[in-house]
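Working notes for the structure below.
Each chain carries a letter (A, B, C and D) given by its place in the written order, and its residues are counted from 1.
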């Protein structure tokens, strides 16, 4: 079976043929059309049954669109707000006002860096307490002025480190969880890349939880799980399979509401198309949740989280015996 | 006229005579009684007309009782709560639960140090952002569980310094001012020593604002005012007189509700007696404000602050002309 | 999943005790000490003061008024929503943990009195898969808080957990949000929640319910924090101070209200609860 | 106090202008520049970009839609509750400041439109006793917020102040609480408050109303903070970084939302206000 690189090479060749076709007046259109069909078929074959581990690689692909890419394509008039008014301004979690088809919203968006310099500034996309508290401030603003809140989640996890602990990162995450369950405005969260544990959930409690098709969302990274459970970091593929961290799995498990389709091969193959799918989905869900009266919205959200998690219930006979 | 030190010496002598009287069986009681009367008369003469500057010295006297002294004598079961859950635990502003004659309350108490070591730990009684935010957390607790809030104010001012600015001390003070105007429980603030500017006011917005007789409460320290206005730090006596920062002045100006009497010469001459006066006053005011229905309490507090400050109103004729 | 079906639900009864060996050797001072004396001493070595590990049952005993405990846990046990298997299947892990601890899950919910004050209490057991929070623990904590609301009592949670239960994947992570949500109801009802953090209170438990106490008390020697030393050293290789995530570190940085000796915890709780009971 | 009685109340009218000299010399680049050109350029040097000082009148002009200004300040002037005298009597200081600025106090409250959106705006003038906040400024700010509530409009405050007005003693200090209280009403009414901090926004103004904006925007070059360099050096003799209390410092430490060039402020305000107007 062909691999991704071969197909990318083929794509380049087709592009070169098209140039040739144009500049020299040679008619290659039939051949080009055939090649394109072939390429499409090969792609479908290649990507039809992506393994979970392959999806992890797509979710982390260095060319994958990040929040700012979607902010440019999906929203208009992004007006960034800085600072938690307490200790600093985290560059790995951006917040601001924006419009989604003319409707003002509050945006919370985790942002990875592309360059080394940008990654240093953005702590490789890992959110610090200053970021979570800035998000909380933005939530209060949203509530005061009835802006819906949309979260774009993309983080390997909360930033681990001395400063984070000194600023009570656990407490910051916990306070956000509580705040989001009570937020009196419609809320939508989308995992666009990596949904890394508590660091993702801290802006992910919402009326609708969506994922891009190749995004992942997990209680722990595959590498972390492999290290802890298999005592071997190298076994992250097995860990990945066990964790059921992909959008299709999580949709099956009814933990998320929708998996938003990506172009064949992943969002980075066609960022515009991905953005337009994301926008369509956001508009649809926002319209739905906006129609729900506030009281019912909150009750429904509460019920969603209250009822989360499966367990076995034992009948009274079974639970009658005592032991210590 | 005799000065304070001479009188203190006389007091020591009387004490020595009393010892003599006891141990050797010599009857000196008549002489002692006379000396005591004399001492009392001299004290009254000395302290009858304290200048404002003398009161400043009493307010800052190193032996003056501090918050913890009153906490021991006025309240019972003080249960200190630590930390702002954000960045640290300030030792210059203590918060906790306590009882005032069996009634649970939340206490906010600024605390100076006595030893060099303690002053280092308590930043010479200057409150940091961590302290104001801890106080705010305690206010929320008070509100959730309907505890009245009692503040003991004693600080030269908010702690100036790089870390304070980095943690947005101005914002921390501002947020407290807003929170206290809306706090849905009875609140009482007492300036027990130094009420240093915004650093004091940040826990001082209340239904009743009291001062110990020799406490001071000012927009700026006498030294600061002398430096800025007279361009000479040494002219703090004049600045003191101009600032009207003593309890009697502020009572005259109707800015505070009561000046709680201190023993002749200041609270440190008889801390127990001072504590019992403070307690009596607190109980009385707490009983009064507790009788007011919550809605009216808040409306009254709002009105108190809304109407604060005097100015001249010009009639329409005077304000008719335009100019630029 | 069949294995759970024919298992008994272990309702904890503190009265019944199997007496084991009489003596034990203190791992800190090396002295041979009477087991019963250790137990009566809150599992603190009578010689050197070393804190021995407490099971959930022992923790409850050390905190409550003698004889006041009733297990009011929900009769539930873990399911295996992901059919998770690492070096062994998840159901087998559960079964082994149940055998080892004589507990149905990593938490017990009890109705107890402390210094005469009735409260609902949740107590985690670190022996049960590291006290990790899966769907059962999440549900039990919520159940405990709802019982506290029904009874108009305070809720106390004693944490001892490494974080979320990996084997339940995202379901485990989401218990953080679930418990936080129900904690909000307790607040709306003006009922106190006192969180007690013991060794260790970390990861997803510290970053959710445990950090949301009206009052947060750490037992002396507790470890408190979000990301463990190893995670930090693997991720960013940062130098960490010796007191990292200790009780003193948490107090200094404002994460908790108090650090309390184990032997004083019961009295301390009585003192705190007293304020709230009077205010109600 | 008699001196106030026969004074006119200065209601600001931006249309009337006395034309002074035609040219000025830029203190930064030394170039001779047309005064009118400077004024049309938001008081920025057309040669080197230096920001010249803005009076309240100039600040208003630079922010609002031309011709949209109406002075809606309360007709009040300072009294002298403490009969304060330092090197001169307080009433004399007030009078001198009024003469210098052609203003009744250190703040103007206006009804204006910004990019077509009607708002109530307060603008401080640093020339008037350092833009210090006494009872008049406190009352005017509250009046402005109450007008915003009455008109269902946003409130914008442009700060330029060294802090509380020392000459009014505790009355000045308490304006911090007074303005914070009324700001609470604006919040309850779900009306936006946009705080603009310029050079300088410090002391009691920064520690009260100016820091309570829903959105806080700093003009480039602003000085923002509580305690000035000199206070810190006199009190604790600490080393301070070069960027202490600069706009960049405030942004880095999370005190403010944005830093904006003077020439972009009007458009920026239009952009922000747009969001809130639509949401209402």
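Heads up, the rule we're going with is that contacts are C-beta pairs under 8 Å (C-beta built on N, C-alpha and C of every residue); 3 or more make two chains touch, one makes a residue touch a chain.
Here the structure is a predicted model, which means the values were calculated and not measured.
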{"item": "Intersection of contact partners for chain A and chain D", "value": "B"}
{"item": "Chain pair with more C-beta contacts, B-C versus A-C", "value": "A-C"}
{"item": "Farthest chain (mean CA position) relative to chain C", "value": "D"}
{"item": "Chain centre separation (chain B, chain D; CA means) in Å", "value": "32"}
{"item": "For chain C paired with chain D, centre-to-centre distance based on mean C-alpha positions, whole Å", "value": "54"}
{"item": "Chain B and chain C: spacing of chain centres that average the CA atoms, whole Å", "value": "43"}
{"item": "Sites on chain A at which at least two other chains make contact", "value": "85-87, 166-168, 171"}
{"item": "Interface hub residues of chain C, defined as touching at least two other chains", "value": "211, 253-255"}
{"item": "Pairwise touch network: line, ring, star, complete, or other", "value": "other"}
{"item": "Pairwise chain contacts, counting only pairs that touch as defined", "value": "A-B, A-C, A-D, B-C, B-D"}
{"item": "For the chain A and chain D complex, residues of the former touching the latter", "value": "77, 79-89, 97, 99, 102-104, 130, 134, 141, 144-147"}
{"item": "Chain B-facing residues of chain D, complex", "value": "1, 4-5, 7-17, 57, 74-79, 81-82, 84-87, 102, 134-136, 138-139, 142, 164-178, 180-184, 203-204, 206-212, 225-227, 231-232, 234-236, 238-241, 244-245, 249, 253-255"}
{"item": "Contacting residues of chain B [partner chain A, same complex]", "value": "85-87, 133, 166-168, 171"}
{"item": "Complex contact set, residues of chain D against chain A", "value": "187, 190, 192, 211, 214-215, 251-258, 271-272, 274-276, 278-280"}
{"item": "Chain C-facing residues of chain A, complex", "value": "158, 160-162, 164-171, 173-175, 177-178, 180-182, 197-198, 201-202, 204-205, 217-220, 224-225, 227-230, 238-239, 242-245, 250, 253, 255, 302, 305-306, 308-316, 318-324"}
